[in-house]
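Below you will find the structure I want to go over with you.
Chain IDs A, B, C, D, E and F follow the sequence of writing; residue 1 opens each chain.
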Amino acid sequence: MRLVTKALILQKARPFLAANSNPESAELVLFGWPFDGTCSFRAGTRFGPGAIREASEVLESYCPVARRDLEDVRFADVGDLPVPPGDLQTSLDMAYRMATAIRSAGQIPAVLGGEHTLSLPLIRAAHEADPNLAVIHFDAHFDLRNQYLGVETCHATVLRRVSDFIQPSHILHIGQRSGIKEEFDRSELLGNYCPASAKPEDICQWVGDRPIYVTVDLDVLDPSVLPGTGTPEPGGVSFATLQGWLQGLSSCRWRGWDVVELSPDYDRTQVSSIVAAKVTRTMIFTSTSQTA
Amino acid sequence: MRLVTKALILQKARPFLAANSNPESAELVLFGWPFDGTCSFRAGTRFGPGAIREASEVLESYCPVARRDLEDVRFADVGDLPVPPGDLQTSLDMAYRMATAIRSAGQIPAVLGGEHTLSLPLIRAAHEADPNLAVIHFDAHFDLRNQYLGVETCHATVLRRVSDFIQPSHILHIGQRSGIKEEFDRSELLGNYCPASAKPEDICQWVGDRPIYVTVDLDVLDPSVLPGTGTPEPGGVSFATLQGWLQGLSSCRWRGWDVVELSPDYDRTQVSSIVAAKVTRTMIFTSTSQTA
Amino acid sequence: MRLVTKALILQKARPFLAANSNPESAELVLFGWPFDGTCSFRAGTRFGPGAIREASEVLESYCPVARRDLEDVRFADVGDLPVPPGDLQTSLDMAYRMATAIRSAGQIPAVLGGEHTLSLPLIRAAHEADPNLAVIHFDAHFDLRNQYLGVETCHATVLRRVSDFIQPSHILHIGQRSGIKEEFDRSELLGNYCPASAKPEDICQWVGDRPIYVTVDLDVLDPSVLPGTGTPEPGGVSFATLQGWLQGLSSCRWRGWDVVELSPDYDRTQVSSIVAAKVTRTMIFTSTSQTA
Amino acid sequence: MRLVTKALILQKARPFLAANSNPESAELVLFGWPFDGTCSFRAGTRFGPGAIREASEVLESYCPVARRDLEDVRFADVGDLPVPPGDLQTSLDMAYRMATAIRSAGQIPAVLGGEHTLSLPLIRAAHEADPNLAVIHFDAHFDLRNQYLGVETCHATVLRRVSDFIQPSHILHIGQRSGIKEEFDRSELLGNYCPASAKPEDICQWVGDRPIYVTVDLDVLDPSVLPGTGTPEPGGVSFATLQGWLQGLSSCRWRGWDVVELSPDYDRTQVSSIVAAKVTRTMIFTSTSQTA
Amino acid sequence: MRLVTKALILQKARPFLAANSNPESAELVLFGWPFDGTCSFRAGTRFGPGAIREASEVLESYCPVARRDLEDVRFADVGDLPVPPGDLQTSLDMAYRMATAIRSAGQIPAVLGGEHTLSLPLIRAAHEADPNLAVIHFDAHFDLRNQYLGVETCHATVLRRVSDFIQPSHILHIGQRSGIKEEFDRSELLGNYCPASAKPEDICQWVGDRPIYVTVDLDVLDPSVLPGTGTPEPGGVSFATLQGWLQGLSSCRWRGWDVVELSPDYDRTQVSSIVAAKVTRTMIFTSTSQTA
Amino acid sequence: MRLVTKALILQKARPFLAANSNPESAELVLFGWPFDGTCSFRAGTRFGPGAIREASEVLESYCPVARRDLEDVRFADVGDLPVPPGDLQTSLDMAYRMATAIRSAGQIPAVLGGEHTLSLPLIRAAHEADPNLAVIHFDAHFDLRNQYLGVETCHATVLRRVSDFIQPSHILHIGQRSGIKEEFDRSELLGNYCPASAKPEDICQWVGDRPIYVTVDLDVLDPSVLPGTGTPEPGGVSFATLQGWLQGLSSCRWRGWDVVELSPDYDRTQVSSIVAAKVTRTMIFTSTSQTA
């Protein structure tokens, strides 16, 4: 990771709760990608990484569901990438280079968004290292359109762009409840779509022994649980359901993950940010080894 | 509907998502009634129709539950009635005339409130055309008091006023969890009250083959789902439950409906408005024919 | 006042800061009129009286400008009139009867609104007792239209209705900056309009030795000072300017006053309510005798 | 209670809905404790008592779950204790003296917080009168640390301080989902911890025929239900679940209770306050005799 | 304008207050540019055009300062350009083509932003038609950096990009109070910088008889007046000062103008939007001929 | 300062804009004191230091009024003191020890509050080093009561406690507009009170050549400028006025200063925090030498 951090001067930030590991010796390296230039409705996800870190201070480092403590996980929080406002391509490139460097060092890249487009370079980096990668996509939307308002690469098309280099059948969609007819029809045809009633075991079975990349668009949660997101969609799942799904993946081999689409300023109670921080805490546990 | 629209100059407004049909050829005609003069606690439902339309843009036109697309429904949104502030009687009369005109043209009137008093003229118009009309009333409250703070016709007495011309046994109350003792006792005696645990089949069975009018006071939903309403009452149902109840009525013969009591300014996350818009989208599907 | 309070059972409320006098022995009697049924844009002034009382607790009872202490003023706060939601006429009648009773007892009625229509019965009551009454009207708007959206008596026509029984030349408009052309033209013709640059002495000179009624529509203040009102109009005066105008009237003979159009829920900082409470405190001093 | 009220001049406040009983003849005496000096994260619970009372006006006095009406309960609301800002010890002493006086008169003390530290003197007073007292603790957290940020008595250690004089096995923890490892381990060892899936019958069985004290830290509810609290913790229970738990205790012998940690300013929809008021209404029913 | 509107399908929107003119016969054509992709701090200016139009309904069509009525101005509001989210270049091109088309028809283009970058294509279009164009730039910032966070064309460099084709001495900066040392030094050297104390006459004198383009970055106003903007800077001017400056330009020959950087969601009182609408109303008067 | 920082482990925080100096070589050392335990009305000033630092990022490091750049000032931001919640005495002691250590090293201590009680130990430390210290107190209130709600040391009595060891005539009160009669009378008698109309020269003249300590309670500003404070008081000064007063003191010998009473959560526009940050930036310039 050393060369990259020389090129990409990271912005100083308060680190995520209990993230005290040295970047070199960490099992997992966390960084932020504060970009929201292509959001179609409400923006503000640029403030997501900072809000998640700040809210993490409200949580304990111990998790009674995982029965583990962050203090026992070797993870580093290296700050935010200095993404140039409005320049999507450069911003995506930065994320790609950083993720690749982390992967090359045998570490797990974990990224706080920012808009969902972020997943594109991260999945690409993971796929290059693991060609049989399985992608798990928690979201209220499919993001499978070929273009949106004339734009080919944006937060509404990101999984379609991913499917340009990963077979759609290797991508599992979970929690979708909004989309165009084609998105639902195609996913049902491919059998890679789990509605809200999906059980953790179903997801595990689908994974098998493949390495996984997990992307969580926070709007998979019901807007009552997390109103602070760009396109809230009624009818989503509870925090406990999402936590159960993630916990069920704790025995899989994680190659990377992201948590995206928190737009903190739209929820002045700060609860959305706390929920996002707790999702992040859960994923730090599920993606790392139990014997730290 | 032609004569009425000449008399009632409608206020310009951005139409509901995908409402592109000509008023003359529509199967369903939507209009707004931005009146909140008699609210007992928090006002602001006058901004409901505008907020629902604006929030509808966040939704897709396709619904995976109904497996239909708004683009395939012939419905028009003709704007808001120009109700005079504070003049309840004139405002109710306008709604009555408009609903009657739409009914006369063989179309379904669908109205966005505004306060719940709106249902009175709408049900009256529907009942005059269909004397065996069944009324389905989703609400946290019964609204069956004979008067409230000395007022006989207001949003807290509207179903009582309806029962002045429709037998109480033809009105089904669903979701009530607040009221005076007499309201609960009478409804249990009449057997026309369904608590939150009601199943869609129970409601369908109660309807039989009668034509129906459906009024949705949005406070039937839990305040966590929809805080933006005048008198939030803890302990309500989820969005999925309400959607299930409505979906269960999709084979019934709808004669009219309203969605009332959204007070958007009390929920700055805009989620309440989005929920109300999705309820409205659901009702457009359930009230219209499947083969557009 | 005794007969009236028997007829009008007042709603319990926390009294205004330092209002400990007995209603019978008070020089000034304060009450609230929580009605907003005819508001044309944003409602919520029904919560004005309660918000002003609650905010008054933030203030001291001593005023360094008046160099007096509320503890030395004999004034009572008798609570809110039980106005029926949506019934303007009954609500206005209640205010009229209460004001008349207070006047009959030789006391000064002072009222917290609620919408501006309130001034109509209060000025009528004051005028019946003092036919040479001068009315001073602080407001961003003239409220001189003959009707508004078809309504003759509402918060946008209230001064026009007053001018049905008081000669327009006996009404002084101060601070207006929004209106239709006719309102500005007529007022300039009559010479009874003071722009924001008016000096306290000018106002005193206009009054002469006539008894006065003062109505303060809080939107006379700039929206930066008081955003929590129904129709904020940029370009208004500062708090100090309004306080100076009112202080300049402290040697006049006050016959009654009202403070109207605070809509507290639209300013979550609570500053609007505190400003309204300080305006109220100022008027309690300026309208009562210095030697309590 | 007479001597105490002479010593502790209570602050005037609007009473809780339907609280019209004379303090001397009441079965239950309610008072507020507006203190939040030791909060570790977000403060503002000092505004809890006032907000609960104000929100109670939105509710009906009749409860369809309890099938009782507040009008039939003899309870008094005597206002808030005049706690000195920042002086915890004096504030705790005031609560202790007031609770003891109420207990001595054979009445049930019921207190609105304020921060959770309040429970310490209240449980002490109850325990002195009933040495076999059982304590039921609804909360997202255990509050069992020995100290927090160097402080021994604060809202994060209150149950530990209680366990200095009551055996831990006499304290039942319900709903906890956040804490340090030791808190979870010890509680599981002692078998006095019920997760969210606990059934009302389980709680009743644990109580047996012991007299009970019940403390409800409102953050036991999910933040979607009640965001207005100091340390919101995702993954909590619904309002219906908490109501069911409390209702299940209605046949127990209550010796006192508190509702704490509402921080109303962090939820501008006012829903958190309404939820807290409904919890309070439920506890007034469950703690008093059915034949008023 | 006809060819352009065929190419650029404008998004439907409620028009600005009293904008009823036919686009073909209008003297001034208003459109929105809802783009905010390069904002460096808070985004959300994409919602500016819609919020300004909605807030305009609160205003009267008559202005007592201009002594004119919008009803007497021939202006059209043709809606928003369909800018693709995140694609700055395409979005700028759309604005350029639209402005050029309007100019070619002898009409004045007036645009509601959106972020300040918008001014670049608009000034270019105006300059191409009038090579001796003078640009007047109201703003808290100079926007004269050569690049910002590595980006050459963004809202923090827009006037620098303008000065690539217009001599700096032809640009007058008014109201700046934040910047890097070089920006202040250069402007003072060039003598094209007016602090807050500038008088309308000074500005007129600087203009002489040149045609003008006026860009108003709303953060020139003090944040107390308009908090809803991306980078609020304390120490700005009042609404009256800005109105005076603009009014002073009413005898100049206007070639185009824009109002930018309203971020409405950051001011929930809606006052910022009302202020922006009143600034817009003022500019409609000052830029059009008095004899409509 | 070394010994102290060993004893007081400072909490990590993002530093104030451009604060890159080493603590050992700095001319000025900034730290935060996040305590609000004794606030009488609205709490939340504990979040002041963090909010000021975060908001500072919106500002430029260059100030056109001071004509200096923060980059040229040797100042360090060492983070927040780990004050124990609710323990005033320990918290004050920590501030005293830290300030004394900084003073001993010949540096200027500058502190971000937190509640105003903070000034007590800071002024004590400064006075011990400079017995002829002059204190300048910007505030809406005098804070000269002997006790408040029975408490002797709190944010409403802090200047009275200071006057226990500094002669009242050595304390200059500026901007007060609220208080009890005795406070105004005494200050006028002593001639150490400047109303809002005070000129910078008057203040300088009062200082003479004495070393100064400056405390800024941010509520000296008008609530329109800074609503995010505990006890907003209408009628305050503008940002420009306060900046002018401070700038006028730039030739004095500063011995320490504090900026207190920002309660950021009460102003969701973030403007209050930005204003506080700009006041802080101003004071960094005025208190340090021009030739860095």
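Worth a mention:
Here is the rule we go by: a contact is a pair of C-beta atoms (placed from the backbone, for glycine too) under 8 Å apart; a residue touches a chain by one contact, two chains touch by 3 or more.
Keep in mind that this is a model prediction, so the values were computed, not measured.
In terms of residue-numbered contacts, C-F and A-D present the same interface, as over half of their contact pairs agree; the other options in A-D, A-E or D-F do not.
Look at the CA centroids: the one farthest from the centroid of chain B belongs to F. One simple way to say how far apart two chains are is to compare their mean CA positions; for chain D and chain E this gives 56 Å.
Chain B and chain C have CA centres that are 39 Å apart. Those residues of chain C in touch with two or more other chains are numbered 222, 224, 266, 268. Remark: chain C residues 41, 177-181, 184, 222-224, 227-228, 231-235, 266-268 touch chain E in the complex.
The touching residues of chain C, counted against chain F in their complex, run 57-60, 62, 64, 69, 222, 224-225, 238-240, 243, 268-271, 274-275, 278.
Only residues 36-40, 42-44, 46, 82, 84-88, 90, 148-151, 154, 265-266 of chain B touch chain C when the two sit together in their complex.
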